[in-house]
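Presented below is the structure to which this report refers.
Just so it is clear, A, B, C and D label the chains in written order, and each chain counts residues from 1 on its own.
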Amino acid sequence: SGKDVAKPSGRVFAPYAIFKGKAALSVEPVLPTFTKIEPGNLRIDRRGSVMMTFMPASGERKYDWGKKQLFALSPTEVGSLISMGSNESAEFFHDPSMKSSNAGQVRKSLSIKPLVDCSGYFFSLTVNNSILNTNERIVVPVAKAEFAVMKAAFSFALPHIMGWDRITTGQATHGITSLPKTSPPQLGLEWV
Amino acid sequence: SGKDVAKPSGRVFAPYAIFKGKAALSVEPVLPTFTKIEPGNLRIDRRGSVMMTFMPASGERKYDWGKKQLFALSPTEVGSLISMGSNESAEFFHDPSMKSSNAGQVRKSLSIKPLVDCSGYFFSLTVNNSILNTNERIVVPVAKAEFAVMKAAFSFALPHIMGWDRITTGQATHGITSLPKTSPPQLGLEWV
Amino acid sequence: SGKDVAKPSGRVFAPYAIFKGKAALSVEPVLPTFTKIEPGNLRIDRRGSVMMTFMPASGERKYDWGKKQLFALSPTEVGSLISMGSNESAEFFHDPSMKSSNAGQVRKSLSIKPLVDCSGYFFSLTVNNSILNTNERIVVPVAKAEFAVMKAAFSFALPHIMGWDRITTGQATHGITSLPKTSPPQLGLEWV
Amino acid sequence: SGKDVAKPSGRVFAPYAIFKGKAALSVEPVLPTFTKIEPGNLRIDRRGSVMMTFMPASGERKYDWGKKQLFALSPTEVGSLISMGSNESAEFFHDPSMKSSNAGQVRKSLSIKPLVDCSGYFFSLTVNNSILNTNERIVVPVAKAEFAVMKAAFSFALPHIMGWDRITTGQATHGITSLPKTSPPQLGLEWV
């Protein structure tokens, strides 16, 4: 939309990636964007997320970037993941076109289920496209230690994707657009 | 009071909001204020809080901002919330006019109780005004994942509302008033 | 000693204080100090602590600052406290003159014990002075929520009193003395 | 390799050291390095670690720095350690020459096992060198409180060694090399 700003330079790429035999999973925080409001203050405009990128393997230690599928965890979904007990499951459903005329065409679901031997979790992303009549599924087994890294890293990232680090430090220099807004902020109704 | 400073620009608004059928709950940290003391040091003046804003619904996906009720969690109350076990309850009582001649006129209580199916908590704010003879109650069901976000975000915010982030970084640039103080700091006897 | 620097301005005072009927307890982090080493690097010189100040009551809501007793928790003692289970106890012993000719003259012990009804902990500081032939004891009951604040705030403070926040951010601007050192760093053998 | 930069000044040394009768263990985070990519962005180049240094004792309160052995915990190994339950064990295997022609010549294993009385853990580092035909083992008993410090400090360090603190603050001023890279980042295949 018109409110979007060009991707700023100064971005830092540091994904946490898990490479397994049949697929890979990479996770990385995406910061929220802010809008300037009077007098010289900022209001969160689009909340951040933890972006999960699933890629199927195309050979030994090779992964097909062109067939990647994305799933952006909202702050509440991040809260759900970091509070999961050791035998618990979680499932999240997204419609990338929610609230638009294309609603319902693509449905994504992310399922997190404990492995039978309790050594970790299956992360399964299913993407159903009713227009193209496709149904894709990418599954990555995540070891307990890798899940622990996710929990710790997501806990660290959570206040940042919520924008609370800005409140507490006043560091308000990234992702800011200065166009005026008259409507209340739309917090995250559109998700990958 | 005379010590108050004008609201500084540079503030950042990033509430975490939960919208439910009958009411909404929004939470946001409020930073402490500091006073300059000799020689060039700072002393915490008014401790921070986590401000909770309850709003009753006025229609489908609409909330009545004019009927909002506030409840400011002190650091110790935040500590109480973040240490709650999964079946535990908590209740906090505030008198916004405590220590003044109006003490006792308005009584607020916030109750946090687990849902029967353990899928989350009821947050109930009751405001009793003995002058206006009113008694209002706003109840918001908070899902387990939303409660997990609160716990993580409040844990992040706690050192900031206590002012300990200033001790450890020396970032002493916000919320500072330079009027001298002769009395010991009044830490949070007045609360919304 | 000659390595000491004058207390810098720019300090921030934000104690977390608990006022009870017979005594008060105030806690606050104390940052480590660093020494410049070649080429333009820093080495931790004196590790930080969490300083606990106990004060006996001298009347209703009044506390006798002149009779205060200090106890500086080392990083490992902080680790002990933040890992305490809900029914566990801890006890720490300090000799402020350890390694000097006055060793053994003053002995301090801090005892943390759960209350019988599990609603919190007793913090008891005993100071025994064999020269003055005195034995003082100050006890403060700490509620569960206050203990939770301590745990969260001490967890936040721990990397800072260890100096690890400097490693990870390079913010090396506080508490630095530039006198050369030839001996290895003495990490916290002298404690209040 | 040619991508290496000279050790920058501005480094901060603040190891957490545990001195025991037969050996000492010192731990410290090592930050990741970054590469500049177009347009003005950064990509993680070599991930960080928590470096563990084991030193055998050479006398009373003396340790032989010349006989030190290193073991660099990867982010996933750090995740494994911080998620260890109170009766759990962990073991990690490293080959410092992995993926080179010297692979298999030196094998290191770090074993973490609970003490029989549950008062802490044994940290045992074994280094087997098939060329020199040597097999060295250094064991340090780590008390429960010291392990708690490690867990808290490693949890703090984890987002930093992953580079996620850069994503969330944009503080991109350390450990940067500007040589172009055409291959995908090699995330930590070579470990001490």
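What we mean here is this: a residue touches a chain if its C-beta (ideal position, glycine included) is under 8 Å from a C-beta of that chain, and two chains touch if they have at least 3 such contacts.
Just so it is clear, the model here is predicted, and its values are computed rather than measured.
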{"item": "Distance-maximising chain from subunit A - centres being C-alpha averages", "value": "C"}
{"item": "Centre-to-centre distance between subunit D and subunit B (centres being mean Cα positions), rounded to whole Å", "value": "41"}
{"item": "Distance from the mean Cα position of subunit D to that of subunit C, given in whole angstrom", "value": "29"}
{"item": "Multi-chain contact residues (two or more partners), subunit A", "value": "165"}
{"item": "Contact graph of the chains (line, ring, star, complete, other)", "value": "ring"}
{"item": "Pairwise chain contacts, counting only pairs that touch as defined", "value": "A-B, A-D, B-C, C-D"}
{"item": "Residue numbers on subunit D that touch subunit A, as the complex places them", "value": "32, 34, 37, 39-44, 75-80, 82-83, 155, 158-159, 162-170, 172, 187"}
{"item": "Residue ranges of subunit A touching subunit D (in the complex, touch as defined)", "value": "9-17, 28-29, 31, 143-153, 156-157, 160, 165, 171, 173-174"}
